[in-house]
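Next come two complexes, and both contain subunit A; in the first it sits with subunit B, in the second with subunit C.
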Partner chain A sequence: MHNIAVHQQSFPVQPAQRFLVFRDMAIIAAAFLALSLFTPLYWLTDFAVMCILVLSFDLLYGYMGHLSFGHMLYFGAGAYMASLALLHLAPNPFLAILAGLVCGAALSAVVGFVVVRTSGAAFALVNLAFNQIGYWLALSGLQDYTHGEDGLPSSVEALWFLDFRQAPVAFGFMLVCLLLVFWLLKTLTASPYGIVVRSIKENEDRVKFLGYNTFRYKWLTFVISSTLAAFAGSLYALVKGFVAPSDVNPLENTRIIFSVLIGGAGNLYGALVGSVAFEMISNLLATTIARWEMILGLMLLALVFWFRRGITGYAYQLYLDRSYERLVKFAQGMGLSLRRQK
Partner chain B sequence: MIDTILYGLTIGAILYIFSIGLSITFGTMQIVNFAHGMVYSLGVYLFISFLPWTLRIFPLAMALAIAAMLPVAYLIERFIIRRLYGESLDYAIIATYAVLLIGADLIKYIWGTAPQPVSDPIGVPLVVLGVVIQLYRVVVFLSAVVLFFALRIFFTRHVIGKIVVAALEDRDGVRALGLDVNKYFSIAFVIGSGLAVLGGVLYAPITTSEPYMGFHILLLAFAVVIVGGMGNLTGTFISAFVLGMVIAITGRVYSSAADTMVFVVMALVLLKNPIFSFVRRLRGRPAHG
Partner chain C sequence: MPDLISTSKLSKSFGGLVAVNRVDFQVPEGQVAGVIGPNGSGKTTLFNLLSGYFRPTAGSVRFLGKEVTDQPPYARVGMGMARTFQLVSVFNSLSVWENLVLSSFHRRQQGSRLGSFFFKPAREASTLADCRQALETVRLQDKAGVFTSELSYGDKRMLEIAIALSLQPKLLLLDEPLAGLSDHEIGEVLQLLHEVKDNFTLVIIEHKISKITDLVQRLSVMNEGSLICEGEPGAVLCDPNVRECYWGRETDAC
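What follows is the complex of A and B.
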């Protein structure tokens, strides 16, 4: 009876699809461009950054099955490091992104060494604890660098045509970054490495019996996921030109978890759909409804009890049912009867 | 020096009283119960509201607040935690976290975001070795010690306590004896929640209450439970006081780093096996496991 894990139905593991990835990337780009017809462009820029963050979380939670309550730490670390690089080194956007990436990778490589030794509940909590430490550092521990509650403003110099003050340029840059991250994660999760990571979610002991060093895989996945979160953070710092301790606040992790759940964990499309849906809801509702946190909590409860598969999981189930019905009809035409295998 | 030690003992006492419920749900159901923080903070706010009605009689308002929160705790156990028991841990964490969010927002809606101070109910200063200390803190510490022994008696002598301890060890074995484990878990959960409110009310005069206080003490209590061993009630007692002393001593040296030090200790505890095996390897002995 102990620890019976009822996982949501994951999507089938497919062999590396070299060209299907590009089809999906085209669809994502087209969807974002279509959204730009009736949503302000600066919203979509934020959505793209959020999508990268949620995609990185999906690798950790959806694919490896490790729920973390501390993902904002890496987002915030990337954002702060990028701003500091802009302020103290040079106002070059690529240098800032590089600084954010290096900071996220170094931090998660060290923290991951501790964190990955735990799993399940302890994993979520230890991450939360580290996030709290980071929040404290941003708020008061490293006040000389982060300026505490006042936040850290920074400005980016226009580089050739890359001027982040122009909304279309910023949006285009974020979209390209999002597509790159999507391509990277799609390739990674379809590779043999990705299959090992998914197997760790299903049953880690069996993966160990097969001779894999699961610690190494888990650590690597944690570092990749956190570095991508730091990437999202540095992009965020470039667009906003301002970082505050609220960007490291552990309470903000709810946004990420909610986005993954609403879209459907364990497939990258779910993360994309979920984060756009969540950002739409929060942008439209949070300004008009005062009791936003309560609604968020109630919606989270509803998701956990009745809508676990999320939007994409639900759509996939509908598709499976449809194709099954078609198969049954076809078989009946051939004079056969099919029984569903449970 | 004496006031630092006393402060550590007081914080340790509060952490212990709060962590018992968490440790029990952790040990029996393997569920991380964020809703514990909601029960705690809602209980304290109810206590603050009850205080004027009960002519400022501290124990009476405390008893009323605990009595008011017991049904709420039962509802959380019955309709959220038990429904998720045996399923993926992640959903239990997310659902109880949602309860915590709803609770924090409810408090903001009813009482507002302003911090709520509570005055010291005893207010008698003692002078020990030339240092002024508050009698109230001594009382808090002593009540935690009394509670520890009372719980020991409950868990070793009373039949409900014995069943809960047995279920902590082997849930299926207890079920095989024909006992309705869920019923006893419910009782243990409600007792734990009542103790959370007790801890919160005892802590209220020392600190100020704000809507997110449940979240902050939860983080510390999770550290206590992890350091003490999940479901290990004696370990929880010891680790609560150790971490309380860590908070007090760090707070004396560098006040804003006090809570952070707790997580450093927790990380060291989680890392103890790799550190030991590393030391063994340095000494030239073969590492085990």
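What follows is the complex of A and C.
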């Protein structure tokens, strides 16, 4: 159409490097294996599940800019549904995971239709309201199924080599699941869809003028994020063999939000670093200090005032500053002077 | 030529303020139309009604022969309407090329492309080819990898126009594309508009009338929400009513 003669100049965008995601997956696996040298395996199994949950939250909050106080609803729904499948259908782990996924997807598809109409504070609070309802259902509304406060025990049958009672097996399985989720989210966020999600964060109205029905994309992102949370929930039910209302407790959302803030939102790595850091801190502090939540409060203050972009954001900034200094030195060596912008 | 877009008794009020008042506005296909008028006369509001940003208080909008008054913005874009904003509006948190993936990918996306929409890296060559072409049109190809927040205002304006062009519109609405630009940048934008104007119908709001008189074939003048005069630019600018409201006094240029 618009054919205008211009000089053919280099296009400074590097082509996609598809293998990079596999390099990252290898690094994650290596980091977990390194941690296993001095951390109990059952801790790391929990960490991996938490990582999945926080990764799923990062898609919604970090990428699309929608802060939810109700993400635990889907974690809990997945956990309960997986346990119910184990109890009433068959003690097969894959069936349980499937049940958890279907439950999370169906629930979030319906709830999403309502919550995605809001944004900002309203979005956070409407989600909290749904989470409260879910909590109440687990405690009393559906206690015929959930056994209320007593919780729901379940057991998985060993399938081939897959015996969740063996710590290394459970850990290995969760790690593989984590890598799969990471691959999925990394791929989704690097695709054109990922750009749409990020653009909605900045200015949803403007995206509509590029021809996107933003409601659809917000709904879809909500469903993907919630379904992955339900995935984490069903994995949790498998390794714990027990689900209780505290696993749907809306207060637990602070753990997720905390983790993503500590690590840095909107880049996936932050979610991983943040959840491991948060779990480490809370596990270690809880055994040494009686009122450890107070330390968490102080950390949150530090985050808000000094490290807005979390550990990964801070590290990236350091990296940028360093490489900028290197550039300045190099230029000076060439007899040039670069002035710092901004 | 049939009208590409037309309105009938289109009105919009904000509280007691009537920003657009029973406007009948038509643009025939292929035309370059200009809209002028003093500050606050309702030009931007008219664009917002045409593009679906606001629902009109009364009246209707037809586009491509179809009634679109109740269609949301994205549906109108899908039909072939693109616009820019008075205050440049691009995505500052994305890089320049990502801005263009956003606009150019969607246009090409058909059912079979769904897989690549979700699972193919946006940096894939096929997507980037479109971006490169769009950027070359506005001569920003050297800044493809830059964060949009680091662009100058003029470059952002160029990028916004490139985004609009990459939607391959049938109708392009430009809201004061020259505002806030240096003389040099104004020259570049005008040159670009001259190059591409034959590909679509163009409606342009502009304060600097002298800059666009050789671009537009027809001028519409708004004042206090109403269209007060329409026609060939030379004649419109000599109309006593227009001179009265626009310059507030009689001048003797005509």
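As a working rule, the second predicted complex is superposed on the first by the 324 of 342 C-alpha atoms of A that agree within 3 Å, B and C clash if a C-alpha of one lies under 4 Å from a C-alpha of the other, contacts with A are read in each partner's own complex, and residues count from 1 in each chain.
We take it that a residue touches a chain if its C-beta (ideal position, glycine included) is under 8 Å from a C-beta of that chain, and two chains touch if they have at least 3 such contacts.
Note that the coordinates shown come from a computational prediction; the quantities given were computed from them, not determined experimentally.
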Which of subunit B and subunit C A:120 touches, first, second, both or neither: first
Touching partner for A:207 - first (subunit B), second (subunit C), both, neither: second
First (subunit B), second (subunit C), both or neither touched by A:188: second
Which of subunit B and subunit C A:287 touches, first, second, both or neither: neither
First (subunit B), second (subunit C), both or neither touched by A:198: second
Doubly contacted residues of subunit A, that is, touched by subunit B and again by subunit C: 1-2, 4, 6
Complex contact set, residues of subunit B against subunit A: 26, 30-32, 80, 83-84, 86-91, 93-95, 97-102, 104-106, 108-109, 171-172, 175, 212, 215, 219, 222-223, 226, 256-257, 259-260, 263-264, 266-267, 270-271, 273-274
Touching residues (chain side subunit A, partner subunit C) in the complex: 1-2, 4, 6, 9-16, 18, 187-188, 190-196, 198-199, 201-203, 205-214
Subunit A - residues contacting subunit B, complex: 1-7, 61, 65, 67, 69, 114, 117-118, 120-122, 124-126, 128-130, 132-133, 136-137, 140-141, 251, 254, 257, 261, 291-294, 296-298, 300-301, 303-305, 308
In the complex, subunit C residues that touch subunit A: 51, 53, 72-74, 77-78, 82-83, 85, 89, 91-95, 97-98, 101-103, 105-107, 116-125, 127-128, 132-133, 136-137, 139, 141-142, 144-145, 163, 165, 167-168, 195-196, 199
